[in-house]
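Shared between the two complexes below is chain A, which has chain B as its partner in the first and chain C in the second.
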Partner chain A sequence: MEKKPFWTLQRKQAAVAYLFLLIPLIFFLAIRIYPALDAFKTSFQVKGSQPFYYHYQAMLSDKVFSKALINTILYVVITVPLQMLIGLGLALLIQSLNKGRGIYRFIYFIPYVTSAVAVSWIWRWMYFKDLGVFNEILKFFGIPAQPFLTHPSQALISIAAVIIWQAVGFNMLIFLAGLEAIPKLYYEASAIDGANRRRTFFHITLPLLNPTIVFLAVTGVINSLQTFTQVLNMAGAQGGPLNSTKSLVVYIYNKAFLNFNMPYGAAMTVVLFLLILMITIIQIKFLSRSYEHS
Partner chain B sequence: MVGTKTKSKTGQIIAHAILMLGTISVVFPFVWMILTSFKPLSEIYEFSVFPKHWTLDNFKFLLERTYFVRWFGNSVILAVIVTISELFFNSLIAYALAKMKFPGRNLIFILILSTLMVPTEMLVIPWYKLASQFGWIDTYWGIIFPGLMSGFGVFLLRQFMLGIPNDLIDAARIDGMSEFGIFWRVVLPQVKNALSALAVLVFLGNWNAYLWPVIAINSDKLRTLPVGISLFSAADDGQQWTLIMAASTLAVIPVIIVFFIFQRRIIEGISITGMK
Partner chain C sequence: MFKRKWAIWMALIALIGTLLLSGCSSKNSSGEDGDGQVTIRYWQYDYASRVNAMNELIKKFEAENPDIKVIHETFPYEQYQQKVAAAMQDKKNQPEIINMYMGWEPKFIDQGFLQPIPDELMTAEEIESHFVPMIKDYQFDGKYYALPIAVRTLAFFWNKDLFAEAGLDPEKPPQTWDEVLAVAKQLTKYDASGTLQQSGYGWNVTGQDYHLFMQVLLRQWGGQPFSDDNRKVTMNSEAGYEAFKWWMEMNTVHKVGKEDFLGTYDKAFLAGKTAMITDGSFRLGGLKDATFNWGVTELPTKTIGGEKHTFGSFFANGITANVSGKKLEASIRFLKFLISDDTMRFWLENVGEIPASNTLANDPALQNDPKYGAFIRGLSYAHATFFADEAGERDAFKLGTDEVVINGADYKAALDQIVESIQQIRDEYFSNH
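Moving on to the complex of A and B:
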């Protein structure tokens, strides 16, 4: 009877695979999975006779938390649709050009690659109430100076404008790629059918752009739920004035690292995580549509 | 405006006009930043467009009296290290998951994929606790350890590697090539585009990274560029805008230049990740 060798080719390959994956698996477990569980655990860290859900309960009556939540939703609702619309508009315009596409593509993408920190300070300077260039331009047209970042009614929108300004280039680029991927065949067929520009756009272009739209909407929302850098640099760690610009992540940063209340901060990050998860699932469900290529 | 080339000349003119108007809104903030950085502090208390006395004092101050150069260097070093690490490890993992057979393959893939769901914000508090325990706060290692590999990179590269014909790899195996040899000499060259796309994204992401670095760094010397500029600008009580704008100029212009040189690669890279 032949004895089968232990190290068959299959087993050898498996052994090498496990070798390749050893360090990576340790990494992912130690740096991604264990910390995620630890965040949950930290959020249940309570003192004395408090119930384990103490921090979650505290959130419900925390007025600053609700303000941060509302602000964050406002950031999402204001920035994502606008950056997608403007990005799509730019992509369509650029695609229709005979010459100069590359130049415009380059120019409009510049804000996206530049540091959000630097951009935040540049705009903060432009928004400056007394010496900023925006108010000087308004003065020139006889319009009174605007408080922009210094007034609760304008601060959030001022920051949202900067976020949109930076994100438009990315949306434009992805839409351009999506538009290029549409086979010319469809346009020719629709032209033969005598469809005008508007019909072609709404019945062919837009539906075929659906995967691109879903991608940009989902990533846009996830990113905007995490708004942090622009707020911290344009409005400070307090998300002022009067908490009017404070986003969830800014508040979390505040509580966890400035007030050293890590359990409460951790609880809020859990809520943020669930929020992102829930909204992403809803978005994918409602936005994705598959179209028959008949 | 349907996406096909407009034949009419008026259409072209209108498109160009709109795009040029938009260009102003993109370029203006940067122009304003540059103009301000050449003004002496005394000049900004009265509004003017151009500096009356062009001066390099702001730049001199930043380069000589602050750690700006170190911040810049730190950012470069860290971004390069993390990019190399991600490229190497993500592709190795992707190769094992895409082209090698072993029990538990799908399970491991799903495990790695699931890490994509967790936002960084939820991890920074545990990371901080971990780093404090080991004394990693305020060290290079402390800044880079979370970013050495990523589920996103693994996912992207695996997708590309799946497209490589198996015959190529089986032939190399029959020839007696080691698995690592196949990975390094057969598979990697085939996914060059995906690798450069990932490199661009990872480098850019790390260059501009803010949340974790601002938590993990305490001392001025160790700051990365975004953290350095941010804390420098915020700390300045009278907010010397000429200095802040000069700092922004020094941070932004090199990036624009690099982007200009590599624009084709960068734009292609980002578009690819959008498509997959």
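Moving on to the complex of A and C:
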């Protein structure tokens, strides 16, 4: 029997596919993977007689690092649930409309596509303790002026509010898509069975929205663990006042680019990466549930 | 079976690809041109008036020195230091002369980016006699690594219209700090709900008042910020506590000003909402568009006829570490041109920064200039602060003042905390020197 040639049609087609994939792959490896490995290497750069794990050790006794870590966790815990809840609420309301869905979708989505830097600065002005818009409005109602960004007790929440305001639009849009994907069939069936609105929501809508919830929760957490732009533009690189708004990435930026301590910044970046990885894996494991469409 | 073999091949090619990419960096340029012309590169950060002025100066220099070509490259401020750091690691494409803020000199020298100013250009003694006194604050083991074309000093600005409105003589700014406080109290307005509407004095920590406290108030009260060798932080002497308390009380007790009023102290002044500020000669450009009448005078003293002090700062030009031979010779000639009195006059007219040489600083015409006079007269008593880590030291200072303003901490404890933090930074820097 004749031996088959090596270059069968199937193999030729596969080779062409791999070749085309190779170019973006090399690009990706060079732009993403190589710098990450380099940062990992930099985190072990030490001077003189210091042990190779010097920077990791320094992190443990660095009070500012602990504060930045706590602040970052606060940003996640405050912004992600709230932006999802409000986003879901808006999606449910918009879905129940017969007319004007497009307009409301547009209005609530605009903040998400606006420059985060521009938004941060405008809100910063609105938050001014004296002559800022918010305090002028409060004054009108006889409420005393609030310090907002100038006091540790309110600064972080003030910044979190801006982050939520921008993210709500995106959450709403994704939830709308998720709601549309639920077959009307189920709603009709539950209506026939006599379920009220609450039961319908908790036993049909919410479980079937699970993939959407997982997606928004995971991406929301990954993003908010890296909070940077809003803090930098509203509180400065010091993450003030008194380090109350300093997030991990702001602290890394501070140390690496303003104090020129690149190895320490790199070490913190590695820790942040491991943190994000760990939290993401846990989230996916615990949140993902598949529901039988029976 | 077939899939696995191909996967292994692809992984191998990808790995080799990455290695190749990391290996191939920038081009190889030898530098010296064939026809006897030497090319040198000058780097500074992107600031319109300085860039335009430098382009003009380079044209003039190249006309007078046809055998030298100067390539002028600039980068945005936020990236400038990283660009320098990256270029100096590269060993190829290094600039010959770089411009830098004085506060970056310690870092740059530590990293081995600069060489000392060669004696053929100027010896240390010549530098000290030619340039204004503040240059002496940035020497390293008696050597100088960068020379300025121009410097900046702090002076006192006041809003003449707000003075007149309150019934004060708009042509008579306060002479002592007690007078400043008295006038500030008259010019500070709060509305019924406690909102600050007008600030008497633009008190701040993130602006120039940080330097005002360290180099002016502290000294006028009888103390000094650091020991002469810059190793010890001496702000918390008895005089230091008093000066710190006096200055902080402008905010906490007398409430004539605060950080964050309308964003920053200079914006509030430009908006006509703050009556008096301490600011640098760099503010003059922005004030051209002011909608009110303003004046500038030398900084107040503690008592009438008391000691005058001000804070000075500068951007300077240094030669990078690996320059030698013909390029070094060319760099020396270009640097000599840059620090000449002619260049300094040109710079004053086109960039608005005041000259760095003693001859010009003592020129009576310049000293009596209505705009620049106060700044130029300050040159003879200006101190430039030696920063071991400029950003870190300022952060430490702000943390301390925030403790007082926000948490009501005791002044002495706060100042002690500031001194301790900055001392740590300096100890770390000097442990390697």
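Throughout what follows, the second predicted complex is superposed on the first by the 271 of 294 C-alpha atoms of A that agree within 3 Å, B and C clash if a C-alpha of one lies under 4 Å from a C-alpha of the other, contacts with A are read in each partner's own complex, and residues count from 1 in each chain.
Heads up, the rule we're going with is that contacts are C-beta pairs under 8 Å (C-beta built on N, C-alpha and C of every residue); 3 or more make two chains touch, one makes a residue touch a chain.
This one's a predicted model, so the numbers in the text were calculated from it and none came from an experiment.
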Chain B versus chain C as contact partner of A:106, first or second or both or neither: first
Which superposed partner A:131 touches (first chain B, second chain C, both, neither): both
First, second, both or neither for A:90, with chain B first and chain C second: first
Broader residue contact with chain A after superposition on the shared chain, chain B or chain C: B
First (chain B), second (chain C), both or neither touched by A:13: first
Touched partner set for A:260, first chain B, second chain C, both or neither: second
Which superposed partner A:205 touches (first chain B, second chain C, both, neither): first
Where chain A meets both chain C and chain B, residue numbers: 14, 18, 25, 33-34, 125, 128, 131, 236, 257
Complex contact set, residues of chain A against chain C: 11, 14, 18, 22, 25-26, 29-30, 33-34, 124-125, 128-131, 135, 139, 144-145, 149-152, 236-238, 240-243, 254, 257-260
List of chain B residues in touch with chain A within their complex: 1-6, 11-12, 15-16, 18-19, 22-23, 25-27, 29-30, 32-33, 36, 44-45, 47, 89, 92-93, 95-96, 100-103, 105, 108, 111-112, 115, 117-130, 145-146, 148-149, 151, 178-180, 204, 207-208, 210-211, 215, 225-227, 229-230, 233-234, 241, 244-245, 247-248, 251-252, 255-256, 259-260, 263, 266-267, 270-271, 274-275
Residue ranges of chain C touching chain A (in the complex, touch as defined): 2, 6, 10, 13-14, 17-18, 21-22, 81-82, 85, 107, 193-197, 206, 259-263, 389, 391-392, 395, 398-399, 402-403, 406-407
In the complex, chain A residues that touch chain B: 10, 13-14, 16-18, 20-21, 23-25, 27-28, 31-36, 38-39, 42, 90, 92-98, 100, 102, 104-111, 113-119, 121-123, 125-126, 128, 131, 133, 136, 165, 170, 173-174, 176-179, 181-182, 184, 187, 197, 200-201, 205, 212, 215, 222, 226, 228-229, 232-233, 236, 249, 252-253, 256-257, 262, 265-266, 269-270, 272-273, 276-277
